[in-house]
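Several structures are given next for inspection.
What follows is subunit A paired twice: with subunit B in the first complex and subunit C in the second.
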Partner chain A sequence: MKYLHLVTANLRRHKLRTALTILSVALALFLFASLRSVVTTLHTNSQFGGARRLVATNATGIVFILPVSYANKIKGLRGVRSVSWANWFGGKYGENARDFFPKFAIDPESYLGMYPEIKLPENQKEAFLRERTAALVGKGIADKFGWKVDQNITIQGTIFPGDWTFTIRGIYEPSDPAIGDNVLFFHHDYFDERLGHAGIAGWFIVEIDNADSAAAVAKEIDDQFRNSSAATKTGTEKEFQAGFATMLGNVSLLMGTIGTAVVFAILLITANAMMMSASERTGEVAVMKTIGFSNRTLFTLVLVEAGVIALVGAVIGLGIAKGFYPLIKFQGFGFLPGFTVTPMTMLLGLLLALGLMLASGLVPALRAARLPIVQALRRVE
Partner chain B sequence: MLRPYQIQSCTGIAMALVEIRDVYKSFQRDTQRIDVFTGLTLDIEAGSFTALMGPSGSGKSTLLNLIAGLDKPTRGIVRVGSAVVSAMTPGQLAAWRASNIGFVFQSFNLLPVLTAYQNVELPLLLTRLSGKERQERVRIALDVVGLSDRADHYPRQLSGGQEQRTAIARAIVADPTLMLLDEPTGQLDAKSSQEVLTLLQRLNNEFKKAIIIVTHDTHAAERAKTILHLEKGDLIEKPRMSAAVGAVGAAGAAGAAGAAR
Partner chain C sequence: MIPLVYNARSMMQRPVSTTFTAVGIALVVSVFIGMLALGQGLQAALARTGSERNALVLRKGADSELASGISRESARVLAASPHVATGTDGRPLVSAEVYVLVPLPRPNNPTAVANVVVRGVSEAAWSVRSNIQVVAGNRPTSGRMEICVGRKLLGRFDHLDIGAALHFAGRDWTVACHFSAAGSAFESEIWAENEQVMPVFRGEVFQSITFRLKDAGAFDDAKRALEADPQLSVDVHRESEFYAKQVGILGIMLKVLAFGVTGIMAVGAIFGAVNTMYAAVAARTPEIAVLLTVGFRPSQVLLSFLAECLLIATIGAVLGALLALPINGIVTSTTNWTSFSEIAFSFRVTPLLLVLGIAFGVLMGVVGGFFPAWRASRLRVVQALR
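The block that comes next holds the complex of A and B.
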């Protein structure tokens, strides 16, 4: 502790440089925490899914539709308890891309029955089920836009054009963050009616009696429609979510690659600044050695100095990441419900800072420790 | 218990504070080998005030570095007190220097980010003294050099003379037995030089510090009790016997004369 003022005095030597170096570390670790959280959130969400829920999509791809009439055929299969269906509905509310949130046309009764994770007061649920143009919205977007129950809102259709006006009859809170509190659900009947009774569904959700028979039931569903115009591909809900994650996978890989390069570049610049700062003080190190400072003490002092910069930068960068995203209720524009900076990400960030301390502090610390006094003094004298 | 690098006099007669015995020192500069000392032998007594003079490249600073253990002789023995400096490891040397040697440089070499107080305190950080004890020692050292009122000033806020006096306070704060000064007045004006030299004489006379000063300045050397001239690594002894000089200096000079080749 008695050496602490030596460390702080050296950090105050070039206040601007120290501040910029700390900010570089903070930025690098903020980026690290953010990018890793995208990946971990995608992974966590891909793990979501009830053990007894299957999802059937068009075998050609998730963006292709299926006839809604498949529901009755699936319901008739052995081991199937109930069936529901949903459609992705694009649409805009507000002018900014930031205002985007997912919107689904669902078969309300069966869907809510199958997803107990969607929690809302019973009276609101009943009101939502009763009314064809009713909407059920997550608390997150209700808070964001200041929506209240019984309020009318209008969505401008994109995939399905026109103005779509809904009355909010319920505000739900998810018991599982992967559901997201930023979704708008509305009646598939209303959707179908507006499309001239096209009878389309994006996907089916199939609740089965026994989780152990998931593979058998999935095969039976796919066999049923194998030779039809729209064959299905059925799997567990986890597989379905993983499919979504895979769609975003390339983006994730791209972000990961560019992000890692950026973080690495910032860390190199930081390490360079820290090494320069230490090498400027060669003469002072020689003087301290002459006074009687041991190699070990000087090694520790230089390393601690690098450590303080790395640690302060890490606390700022990781702290902002941890506090900032919940504050703005960040959900990746609807694609990353439950976006969280996990404790593991924080821990890895701290380890990264420790690595930075060693990478940037070790070389100057060793140099300081091994500095031949006479040659160094000759340079300053 | 004696450490491995310590020896005792086998004669029972008080040993010199500094003993240089048959020391060789060579440097390699590119392909050329430069022999600075070829068998130098020298004694410097406790309480002496010795000036080392000589042309550039004569080995003055090298001798100072060898005594301080900043450099190793190619061959031979350097002993200060009971410590065989030439046989000590870097770790042992660091600890030994902290408590036995006060070193003063030509260009002061105060740490610019520390105040005068903190600069003077540096050697004490290496001791087991408490914060309060360190504070007391620093206060005394600054008082001795007449800079008590400049304790909170940074080096850039001090004049050259004040900087050098701060460096001297740093050199004496751990109460070393030997002070080594390399051209301490080399960067000072005449008035500041006189102040620093008067301070050194006081440290020698009142506080009985043994002082070895390397200088080109004959006026500075005149303040010493003994003047040793180095030329191409050889000692030419010129004793100073002025009224200001005490008997201790004469004894040191006699020892040095006997030992000089």
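The block that comes next holds the complex of A and C.
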């Protein structure tokens, strides 16, 4: 500890070099934290799902519809508490691909009853439930487009043609980020009426009494419709969400490969800087040895210097990642709702910094410790 | 001018530091090329899907084939349009198609599914759609539940060998052939006869109609005429533009990722280069003084050090480009959210990307080397020699 001032003195010798090295470590850990958070956020979102919620879709594929009349039959099954249904509604608002947000036609009362994660003031909820052409929108898109309650907005139908005008009666905030704060909900009744009472539902959400009976109830639902015009495929909401995540393909491999390259590149840069500063000091290390510094002390001094660089860089990089993304409300164009840098990522980042310290400091530290005094002093400067 | 040999020898004096700096730059360049190659591959697959000479018709307002729906009646009206070219057999080159998505399980993870396009086609599709070639087996026999499988699906899903039975939509479909489509998105599709597909999926409705333009230059006329037709209520797109636009949000994401990540990495690599070069300048202070004393001008010293850094950066950049080369052709897949379907595409390392990558590396060298070189050229002879 008493040699701490030696470490700081060495760090201050080439202020620019120290600063640049610290910054490159910071950049590396910022990237590491960002890339890893993409993977963890996707994973967390794919795990989303109420334990007591099942989702039934058309067995032929997610893009095929089911008769809305199935709801009554499902409701009659044992172990089922309530049933709701929803439709994907394509639709365009704005010209830009970035302006896209999901829109669902839902059976409002049962849907909001089943998703307590969708939070909104009671008076707004009532207003939304009361009116056929009302819409409920997430705070994220409301902020993005500057929407206010009681405002009319018009969506151009893509799957369901025509102009669809809704009055915003509620703005919700999700208590679970996986829900996303960028969804527009509107009444399935209104949707059905505009479609000439087609009676279609994209999927059913089934709330069951007991999470343990999920598999049994799912099987019962599927058995019920096996020989109907449209067979169903029922699973837990978690499975349903996980299915979407797998559609992205191998994101974690891509992120992992890039992350490795980044960390390795920065490792080289830091190691290089450490070695350069060590080799410049060959002479003084020899002098220190002559006046009685032990090999071990010199070894520790170099390693601590590397450690300070790695740690300061890590704290800066990880800190920026932690603070920056919430600030710009990053959601990966809507694909990564609830994007967060988890404590685990921070911890791994710190471990990585520790590894960086060892990898970049070990060789120069060993070299300093093993330096033969006579040879080093004989070297012509 | 100070000979380059001086710089080359100086670099060799500090092999470890030179190597580390060059490899650092190489890694950045290879990640840069790799990520752009990913976006390029996606774009190329989609851009090749459409032809300049074809027009694609969707229901008015529909932004994708999946969202569209066109009746048989409309298809008949369209086929009779004077803008449609006729084939050698005298029949109009029109292909009315069914477009649906079916979930196929991924072999390596049975719980994971991918939404694969099943396209119902008529006889005409094989000639109207561009570059379609049967590479194995024979085209599905009319009246049978047979399918032709795009080449890029092979190996990524099970039961796709010729003669195998693939199960979807509650039925078994026999694989009759494999087809290629010049690397386009069609290669990620399964084709079957319209008459087989319609009853199983959405009934008597097509999703899109593609026709060969009689006069490729008269697209605007065709578009105007058809969109104004009260019998139709359709949007007409040039096929090539339509598919190129399907890159959509995925393309934007890949670009942001590529430039964001490599931009940040590049800053790190530049810092590394700055460090190395400052150290090089500091270690060679007496040398520089000698150079200045014997009459080299400061600008020549500046150039010399800049050249040295450029040399390191160029070696790194070329190395990086070489590192990135092997990924060319690797097939990867993801869901294209614009069409909601699984699309397979290859990393495409084009010559342009290689040049861009190397230029990027060299730029890192210039930026990283400038200030140290500047310092070298500003050295005071007397001080430096003392």
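To be clear about the criterion, the second predicted complex is superposed on the first by the 295 of 381 C-alpha atoms of A that agree within 3 Å, B and C clash if a C-alpha of one lies under 4 Å from a C-alpha of the other, contacts with A are read in each partner's own complex, and residues count from 1 in each chain.
Operating definition for what follows: a contact is a pair of C-beta atoms (placed from the backbone, for glycine too) under 8 Å apart; a residue touches a chain by one contact, two chains touch by 3 or more.
As the structure is a computational prediction, the values presented were derived from the model and not from experiment.
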Contacts for A:G349 in the overlay, against subunit B (first) and subunit C (second): which applies, first, second, both or neither?
neither
Looking at subunit A, does subunit B or subunit C touch a larger number of its residues?
C
A:G338 in the overlay: touching subunit B, subunit C, both, or neither? Say first, second, both or neither.
neither
Partner chain(s) touched by A:Y3 [first = subunit B, second = subunit C, both, neither]
first
Using the touch definition from the top, say if A:G307 reaches subunit B (first), subunit C (second), both or neither.
neither
So, A:T290: does it touch subunit B (first), subunit C (second), both, or neither?
first
Which partner does A:R13 contact after superposing on A: first (subunit B), second (subunit C), both, neither?
first
Quick one: is A:P102 in contact with subunit B, with subunit C, with both, or with neither? Answer first, second, both or neither.
neither
Kindly classify A:A231 by the partners it touches after superposition: subunit B alone (first), subunit C alone (second), both, or neither?
second
Spell out the residues on subunit A that touch subunit C in their complex, using ranges where they run on.
14, 16-17, 20-21, 23-24, 27-28, 30-31, 35, 59-64, 90, 92, 97-98, 100, 156-159, 161-162, 231, 239, 242-243, 246-251, 254, 258, 261-262, 264-266, 268-269, 271-273, 275-276, 280, 332-333, 335
Please name which positions on subunit C make contact with subunit A in the complex.
16-17, 20-21, 23-24, 27-28, 30-31, 35, 38, 59-64, 66-67, 100-103, 106, 109, 111-115, 168-170, 200-202, 248-249, 252-253, 261, 264-265, 267-269, 271-272, 274-276, 278-279, 282-283, 332-335, 337-338, 340, 342
State the interface residues of subunit B toward subunit A in the complex, per the touch definition above.
65, 68, 70-71, 90-91, 94-99, 101, 103, 105-107, 109, 111-114, 118, 122-123, 125-126, 131, 170, 174, 182
Under the stated contact criterion, what part of subunit A meets subunit B in this complex?
2-3, 5-6, 9-10, 12-13, 283-284, 287-297, 373-374, 377, 380-381
